[in-house]
Amino acid sequence: MPVINIELTREGVTREQKRALIQQVSDVVTNILNKDPNLTHVVIREIDTDNWGYGGEQVSVLREQGITADKK
Amino acid sequence: MPVINIELTREGVTREQKRALIQQVSDVVTNILNKDPNLTHVVIREIDTDNWGYGGEQVSVLREQGITADKK
Amino acid sequence: MPVINIELTREGVTREQKRALIQQVSDVVTNILNKDPNLTHVVIREIDTDNWGYGGEQVSVLREQGITADKK
Amino acid sequence: MPVINIELTREGVTREQKRALIQQVSDVVTNILNKDPNLTHVVIREIDTDNWGYGGEQVSVLREQGITADKK
Amino acid sequence: MPVINIELTREGVTREQKRALIQQVSDVVTNILNKDPNLTHVVIREIDTDNWGYGGEQVSVLREQGITADKK
Amino acid sequence: MPVINIELTREGVTREQKRALIQQVSDVVTNILNKDPNLTHVVIREIDTDNWGYGGEQVSVLREQGITADKK
């Protein structure tokens, strides 16, 4: 029965990446909790980089400064 | 005081349907709980069909396969 | 497919009121949108009155002052 | 560690207002709670005026009637 | 930067299951999106079975009827 | 009209800190956006440290290791 919301910045996530998120997050959650996948919803919310901030700074400003959230 | 969020797929919901959702959900909730409607907010969030999945599959793919979420 | 969240203050809502919320909100939403009820989830989140505020004031303080959110 | 979501109607909020929201809300929350700003995220979700209602009425209809949510 | 919310019914999920959810969902999301895990938050919200419904019925009532959400 | 959700770990936040959050966040948001405070709701959701993670690790485990989210 879980509902999983994935909130992230709108920075070119592809349809295939979204499909992979839905499939793999659904698999992980339903396996750990032994839940019926048909009752398990995954919702992706994309947020403009002007509308997200951390460390007190807007992500779009961080990006202009060359600061990414990429894995190192 | 309730805040009600209705999260659904963006598939042609009309302005009139949204108005009906706001009116009728507000009515139901304020009647059951005896709450002041002016303190009761209803927020509708529309989600692209690429961004929602259940049963481990993306809704946009389900729609291409002719699978709907319509009432039977 | 809608997921509906109802967020309200924890002030003695009964099990029967919650059941009525689930049934009637599900009915209203699935009728207006013509959606399958089995894909429609309703989630009620109860919030302590110390943890909610409006007009810049904590609800628990408003209640001590005799101010309710009841329908007039 | 807080995550702060600010949900508001899409009515011309500027990039600079969003940046001010992110900075000032982050400051207030991290100061009161003594939390590391780098672990504190602020997310702004803009909602079309057709998709928000209170008092049982759609905000876009209220606006057409000249009713605003402006500070008095 | 993603924030992932997992909303589920409070039905005996153990601390170890929660830890596994956090680790595996974080892995899946950061791998697909190439994001820094230190900017990736996972939040689990447990909801009483009286407070969740689908198909228009309260989950606590479904459980009394022997209906589970277990994987088949 | 904004609704602000503040989601944080349940680690001894006092009633007075919550009241300060409600007052100051409401002030900041209504000042920047010129919104009526009476239409502005602030909701604080406290999450057990077993139910939150970042960097792929459960906060309760981080705390056992002496790792805090305190401001430095």
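For reference, chains read A, B, C, D, E and F in written order, and residue numbers begin at 1 within each chain.
Methods note: a residue touches a chain if its C-beta (ideal position, glycine included) is under 8 Å from a C-beta of that chain, and two chains touch if they have at least 3 such contacts.
Values in this document were obtained by computation on a predicted structure and should not be read as measured data.
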Exercise for review: Identify the chains in contact with chain B as well as chain E, in label order.
Suggested key: A, C, D, F
Exercise for review: Sharing over half of the contact pairs with D-F by residue number is what counts; pick that pair out of E-F, A-E or A-B.
Suggested key: A-E
Point to revise | Interface residue identity across copies chain E, chain F - same or different by half | key: different
Point to revise | chain A and chain D: spacing of chain centres that average the CA atoms, whole Å | key: 21
Study note, to complete from the structure: Distance between the CA centroids of chain A and chain C (whole Å) is 27
Review point. If you average the CA atoms of chain B and of chain C, how many Å lie between those two points?
Key: 15
Exercise for review: Please set out, as single numbers or ranges, the residues of chain A touching at least two other chains.
Suggested key: 1, 3, 7, 30, 37, 39, 41, 43, 45, 52, 54
Revision key, fill the gap. Contacting chain pairs, sorted by label, are A-B, A-C, A-D, A-E, B-C, B-D, B-F, C-E, C-F, D-E, D-F, E-F
**Study point:** Residues of chain A defined as touching chain C within the complex
**Key:** 1, 3, 41, 43
Review point. Mind pulling up the chain D residues that touch chain A in the complex?
Key: 15, 18-19, 22-23, 26-27, 30, 37-46
Practice item. Report the residues of chain D in contact with chain F in the complex, numbered from low to high. Key: 1-9, 13, 17, 20-21, 24-25, 28-30, 32-37, 39, 52, 54, 59, 69-72
Exercise for review: Over in the complex, which chain F residues touch chain E? Could you list them?
Suggested key: 7, 45, 47, 50-58, 60-61
